[in-house]
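Next up: some structures, all given as structure tokens.
There are two complexes below, and they share chain A, which is joined by chain B in the first and by chain C in the second.
== the complex of A and B ==
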């Protein structure tokens, strides 16, 4: 199945603009007695860049894992384009149009940069084992489309000269960009980014901010966990503050910066 | 020792090594993708041989018989994964390995019921005659065994390196969490790994039967040899498994040439034990991770 066909049939979810794109309703999760998230409500519209901030242990990464299906909530609902997704497995969540870049990127170390990005196209594949193995017509066509899309994505992220490199040959910043390319190549509606700026040099931070702005201008929605407050205030359209699993504030960056409760618990003077 | 004896040992060792490498490759595919030590791999080999022998006896031509055997054994692999491994997928590695042992005993028992205890064999493929070379003898089936192993290795390299499904399997093996979040189903990949391993086992079983014969009870000893090959070479890399298999085969054959036949297993295993002690992660350990 080619990309266009995939986009048109993605998991039977309604298409066109649905507002909000993602909605969390009274979402809670506990690890044994430890409550990691408690009754979190959140609405994210298409094209927003929402940053979740908060101290370590606030439940930020847990929230991302709930959205992408790696964790199941103890209670509450997650709606994507109006459909409940909290009980479906992670690989099916990806097929709905939600992809993620992990904090530690998690590239496959034994295949090249291009091959890593091509694995991001897996949601399009319809060719079976035998047609793939014997490279029958439609399997060949499918693979050619994936290769072209992956090269296009790598080119857009400035990695054209690194396509044949192995992940271990890349700098940390380049690995993050490859992870981002892999998350974007399937043309998701929502991208989850877990500390994408972690460990980057200043010029890489600037480059990533430009990329994220360009993405959201193109209609992609981004939900991001990040510690670098200055960057968050610069790129985010909305900031959500978590503290010990509870949402203590939500709003535009400037409002959050001036919120007394947020300043007292997280931002400081 | 005469030159012809050494040559004979080397040729036998190469053939044995290819058999062990083929066994190890099945274990490698399953372990690589699912991290399950499939101790029923030898049963796939045994079944491949038994089914091919029976179909041939019914007058089915050899190569269609092998294809049918591969299909039936692949289905057995799918059953092992879908009904035994998948429901217990959250259990520990040792529990899953024990489950495969249980499956191996079940297959062994059923095979005894269906085929009885007799050893069975096939004639060399296409009636290939033995070749005499400088005083050594190459059995007619030996080149088929070597060719099968080369084809298996080439096929696996092609599949894992050049196809989308192969890349997805590798992604699932290396970074299972990351793979899930890009839409790769671990259950589908696990099923595929077991089916591929079973198919490899069936081809190996059919190919080695003219040389080694087959019976209901050959599965577990074959699994042990495959495991040794994989452990010695390094379970995480196909090259390691092949190297381990060849080393094991050559060690066995050369020690059999030098010592009374009763000692050759002990000698081979002692040498392999030394390799283990010197390089506990195998001769060719896993590729370095990115963060290393």
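== the complex of A and C ==
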């Protein structure tokens, strides 16, 4: 299955016009007796760049895990393009068009940069064990398409000279870019980013901001967890504040900065 | 366009290395496939045993080397192939060729069921559970005497029928090594493919993660079970061939000891490459044979205990000095030579 076909099989338009793209309804989850998220509501439209902020342990990573399917909520619903996804396994959520870059990136250490990015193409390809083992025609075609798309993506992120490198040979910033390439080559409509700016140097921060703006202009929606810095204020279209698992505020970055409740509980100190 | 750049980026040195490797493989193939025509009966029988063990070890390359699922159950699937093939020919009266395929299919289905249950467990526990299942299989074979012949096993398993007048041992030798070659190519294709990458991403033993794999859209359970089934089917084919070769089988051949030895073979050879399986099988069988010849003279007494000690020593030495297996030896030597220059 080629990329174009894959896009067509997903409901709606490639970068869907169904609104909202993602909706969380009274979402709650607990780890044992610790309530990590409580009755969180959230609506995200296509092309938005939403940033979740909150102190450590507020439940930000947990929220991403609920969206990508790794964690199942104890109550509430998650709708993606109007369809409920909270109870389907994570690998199927990925095929709906949701990808993520983890806080620690998690590249596969035993394969090259190019191979790592090619794993991002898994969602829109389908050659199985037998067809790859016997090198059937369609498996070879797919492999070539995956390779070309991945090289193109690496090229777009300025990593052309790193394709044959192993992950351990990369700087932290390069690892993050490769992680991003792996997420983007999947042709997602929603990208989840867990602290993408963490540990980056100034020129890498600027590069990432440019990249995120270009992404959202292209219709891709971004939901990211970050600290509220000037850089983030600049790229985010909406900020959501979590505090001990509850959403305490939501609005435009500037408004959040001036919100008394937020300032008192989070930005105050 | 970028693809072209990468291809161009491969240095002349790498190209030369590839040519050298191709020549080496060509010569190796020529030596192996002409062996029965110039070597004596003893070396041919040893090489046949290396072939059988290579088939078993090749199964573990995808399952253990790539997917990180340590299985100590290869002997069980080898036994299933042997017993199902033997039962179909001796008791049902089926011809021997189709029985090999039926045995492989049946073993694959059983392995899918077993794998579906076992592979829910994560990490090294899989090794313990597969070992236990192998033990259960052994006792089942022993206790179902009326069907399987119990401890004495089964006799009178028919030969494979083939055209021409090649001696049977030479025919089996060629067949086994053809199978080794086919499975080697199959495994190598999988390693360098979408499936191979999926297996590596979910390999928790080498720094991958099942959660990451899932978020990339990889159905981890499906891939782990597929690798388990492939390993089992490889073993089953080997087992059926073994049954039609020796024409007598007994349960002790398929005891956990063989599973452990096969696992040691792939570690010694190099667990992430199909070549490692063949190299490991060759090294270990040669050590066994040398010990069999030398130990009674030098040390006295039966060789069984010495063999186990030798396997242990070889395993520990590999883990200490060549953690990526004998396969990585040339690369290491080259790196050292370059460093000392």
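Going forward, the second predicted complex is superposed on the first by the 260 of 269 C-alpha atoms of A that agree within 3 Å, B and C clash if a C-alpha of one lies under 4 Å from a C-alpha of the other, contacts with A are read in each partner's own complex, and residues count from 1 in each chain.
Quick note on the criterion: contacts are C-beta pairs under 8 Å (C-beta built on N, C-alpha and C of every residue); 3 or more make two chains touch, one makes a residue touch a chain.
All figures in this text were calculated on a predicted structure; none of them were measured in a lab.
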| item | value |
| --- | --- |
| Partners on chain A (chain B, chain C) - clash or fit | clash |
| Partner chain(s) touched by A:164 [first = chain B, second = chain C, both, neither] | second |
| Touching partner for A:148 - first (chain B), second (chain C), both, neither | second |
| Touching partner for A:94 - first (chain B), second (chain C), both, neither | both |
| Which of chain B and chain C A:110 touches, first, second, both or neither | both |
| First (chain B), second (chain C), both or neither touched by A:175 | first |
| Doubly contacted residues of chain A, that is, touched by chain B and again by chain C | 68-70, 89-91, 94-95, 99-100, 102, 106, 108-111, 115, 118-123, 125, 127, 129, 132-133, 135, 139, 142-143, 146, 182, 186 |
| For the chain B and chain A complex, residues of the former touching the latter | 159, 161, 163-168, 170-171, 174-175, 177-186, 192, 195, 287-292 |
| Chain A residues touching chain C - in the complex, by the definition given at the top | 68-70, 89-91, 94-95, 99-100, 102, 106, 108-111, 114-115, 118-123, 125, 127-129, 132-135, 139, 142-143, 146-148, 151-152, 154-155, 160, 163-164, 182, 186 |
| Of all residues in chain A, those that touch chain B in their complex | 68-70, 89-95, 99-100, 102, 104-111, 115-116, 118-123, 125, 127, 129, 132-133, 135, 139, 142-143, 146, 167-168, 175, 182-183, 186 |
| Residue ranges of chain C touching chain A (in the complex, touch as defined) | 2-3, 5-6, 9, 186-187, 189-190, 193-198, 200-201, 203, 206-209, 211-220, 226-227, 230, 272 |
